[in-house]
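Next come two complexes built around chain A: one with chain B, the other with chain C.
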Partner chain A sequence: MIKVLNGGIEVLVEDWPGRLGYMGLGMAAAGAMDNLALQLGNLIVGNGAGEAGLEIAGGYCDFEITEDGVIAVTGSDMSPTLGGEGLPLWQAVSVKTGDTLHFSHFGDAGFRSYLCIAGGIDVPEYLGSKSTCLFGSYGGFEGRKLAKDDVVKTVRKNLAGIAGRKLNPKYLPEYGNEWELRAIPGPNSVPDYVTEEGMDYLFGTPMKISHNANRAAYRLQEVPASFWAREDGGKGGSHPSNIVDHGYNMRGAVNVTGNTPSLLIADGPTLGGFVCVANVINADLWKIGQGIPARDKVKLKLVTVEDAIQARKERAEMLKAEDLILC
Partner chain B sequence: MEYTLKAHMPGLVARVVVEIGEKVEEGQELAVINCMKTEMSCKTDKAGVVKEILVAEWDEMDVGTPMIVLETA
Partner chain C sequence: MSKYEVILDTLPAKGDRIEILFRQAGDGFIQVEYGYEQRVELLDSFRILAVDAKVKQTKNNGLIETLPSLRANMIHFDPTVISPMALIDKIKEAEESIAGVDDMVIDSRIITLPIAFEDSQTKKAVEMYLKQVRKDAPNCTDGYNLEYMALCNGCSVDDIKQMLLDTYWYNSGCGFWPGGGFFWPMDPRCKMLVPKYNPPRIWTPEGAVGIGGACLFTYTTATGGGYQLFGRTIPTFQFSMKHPQFKDGPFLYRPSGDRIKFVEVSEKEILDIYDHVHDRTDYVYDIVDSRIVVKEYLDFLAKPEVVKGAAEFAARQEQGSGTAPKL
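Let's turn to the complex of A and B:
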């Protein structure tokens, strides 16, 4: 078990791939914003890759360990400490009852850390997932972010041989402040909705992430008026970004509202009346979760559906690689 | 002695809730940041008197941006 001493900015129970199969009913999949860091953290502590962990956005939080166990912290380096001593990332570490775990705040690169616990987080599955959908107030720990004095149960597990396991450095994800996101054209793009010039802009311009960036959407800087191929949205509305409502391509849709593009992600809307001009590929979704609001930039790179499928296969193979974890 | 309240998150200044000359207590909210579509309270670690307000509503800030200066005992 782990007790929350200070919930910081936003600490959530999230698993992967989240709550699939309900988008048709308007329920977003939720799930880890950086699924790669969560999966690697789980594998380090001997869990199944998709087990639930704690997703820590921003930092400024403290925990007390209330039961001996093994943990691994992955993702953004928030200078975590265990009992006042520096805690290495991407490594399984033994913790004892009474230990305190402190996270400072995100540093130069990356915005979310993951605290994975050997055995996993013991919260009820809701519609097949332990993930919190923050904006629906369901799943995870009481459908909300963690707060002071919450006690999160963990699943007991045989801990023999887990402490000391660590990620092979060659598989460490690369962090920066400009995130290249491979993307395929969306259902509403060139030539009907967006100009050639607009697509060149979309796939050639680093776009700053707005402060309006959360688990539903990461809003980006505006596109120019030359982006649009239409004068208006026809029956969908007065602006060329309007369309008659339809289902959105989730997760990773590049959805444009007015001239403002947004990346629709974990808890994002499942349908609406604005164009989806591109879609970030599954293998690169994790990078969005590490983008720092109001600071980092994203740059879309045009790829094909075949590239996206190949990248997904390579990711799956990587997570099964024999040399992924060093014991 | 002076104490400077700095932004703990990147984002916009939603509002400053104190005025110059106002006496404030440790732990009191001095301003609010808007980030991740959420309002986040900025509280002072020290008591004092508001000497200078360095930000205005809708200013964009990074982590560590100085916001409010207090004269402390």
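Let's turn to the complex of A and C:
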């Protein structure tokens, strides 16, 4: 068990792949914003890769360990300390009852840390997932972010041989301040919705992440007016970004409202009346969650569906690699 | 050909079937779009739902979920299990098995929902809007939106209420908010048209019944929103799943095809039903299994009195929308 002393900016229970199968009923998948860091953290502490962990956005939070166990911290380096001593990332560490765990704040690169606990987080599954949908206030820990004095239960597990396991450094994800997101155009693209020039801009220009970025959408900087291949939205509305309401290719949709593109992610809308001009490939979704709002940039890189499927397969193989974890 | 082209395949128009486009939408998404030009026709939705049911009936490994909307269906799948082209072939097979409108029969439950007009919760939402969002909002006469809706449609408040009660409201798909359906009037003589709030509300009570454009929505939980409000109906969603109607999921509406029929009751009755749904959990929903025989519906639309009535209403509406204040 772990007690929250200070909930910081936003600490949530999230798993992977989240709550699939309910988009047609208006429920987004939610799930970890950086699914790679969560999955690696889980594998380090001997959990199933998709088990729920704590997603720490921004930092500034403190916890008290209320039961002996083993933890691993992955993702962005927020200079975590355990009992005042520096805590190494990407490594399984024993914790004792009474230990305090402190996270400073996001630093040079990355915006989210994951705290994975051997055994996993014990919250009830809601519609097949432990993930919090913050936007809809359901799932996870009472449908909300954690606050002071919350006690999060963990599942007990045989802890023998877990402490000391660590990620093979060759698999360490690369962090930076400009995130290259491989993406596929569609469903709304050239020639009917967007100009060739517009797509060149979208796929060639580093775009700053707005301060207006949350678990539902990461807003990016505006596209130029030459982006549009049409005068208006026809039956969908007056602006060329309007369309008769359609389902969104969520998670990963590049949705444009007015001239502002947004990356629709975890808790994003499932359906609406704006065009979706591209989709960030599944294997690169994790990078969005590490983009620092109001500071980092994203750059879309055009790839084919075949490339994207190959990248998915490689990711799945990597997570099963025999040399992934060093004992 | 542009490297940003997204149309992977098409089915040509045939008989009364419109052209169908398969658009790439990511490495796990394909959009099936009905018609190259956007239009708002329930007939397209009937076809989408008939095909959607067939696609889901056949065991398609790798299919995760579908998101039908009025003129498109977003297919979410795992491309490591089924290739995009193989999935398109399956959907084409389902398409080809439906020869034409004469063959189309849609499963469609009839859900009778009580509604109270001019209730206190709707009034509260409108008052809050005036106080907190837009003091001079022209759509909030006497604490409700009904006067404004009447103005926009060139008719009286009583006409507005009667049109809501007279028609069946057909669900083309769910989305936007957990459990929410997008409902369309089946009787063109009741096809009210109203602009959405500008800017949107920050609070709407659970059960509010609203309309934006021609589309009706029942608010499943308290949330923001932009539709003009008629009044308040009973719960159409229950997160806790305590009531037997919700034992398999928090949703009242199925992903699509349901029809609503409203009956007017007092606010006291509505409040009483809230108690019997959420607290005593013994309210019995009035839901009847039924179907839409599309041919019969088209015959109804072609009746002289329906054609004449719809044209007369459209003329009044045009006049009304010209004089009503813009939002």
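Heads up, the rule we're going with is that the second predicted complex is superposed on the first by the 327 of 327 C-alpha atoms of A that agree within 3 Å, B and C clash if a C-alpha of one lies under 4 Å from a C-alpha of the other, contacts with A are read in each partner's own complex, and residues count from 1 in each chain.
Criterion: a residue touches a chain if its C-beta (ideal position, glycine included) is under 8 Å from a C-beta of that chain, and two chains touch if they have at least 3 such contacts.
From a predicted model like this one, the values you see are computed outputs, not experimental measurements.
Of the two partner chains, neither chain B nor chain C is touched by A:83.
Comparing chain C and chain B on the residues of chain A they touch gives the larger count to C.
In the overlay built on the shared chain, the residue A:269 is in contact with chain C alone; chain B does not reach it. Touch criterion not met for A:258: it reaches neither chain B nor chain C. By the touch criterion defined above, A:212 lies against chain B but remains apart from chain C after alignment on the C-alpha atoms of chain A.
Of the two partner chains, chain C is the only one that A:191 touches; chain B does not reach it.
Counting contacts by the rule stated earlier, no residue of chain A appears in both its interface with chain B and its interface with chain C. Chain A contributes residues 9-10, 57-58, 60, 105-106, 211-214, 216, 292-295 to its touches with chain B in the complex.
In the complex of the two chains, the chain B residues touching chain A come out as 8-12, 34-38, 40, 60-63. Partner chain A is touched in their complex by these residues of chain C: 2-6, 23-29, 31, 33, 36-40, 64-74, 76, 79-80, 83-84, 173-180, 182, 215, 220-221, 239, 249-251, 253, 255-256. Of all residues in chain A, only 20-27, 127, 136, 138, 184-192, 194, 196, 199, 234-236, 243-249, 252-253, 269-272, 276, 279-282, 302, 305, 308-309, 311-313, 316 touch chain C in the complex they form.
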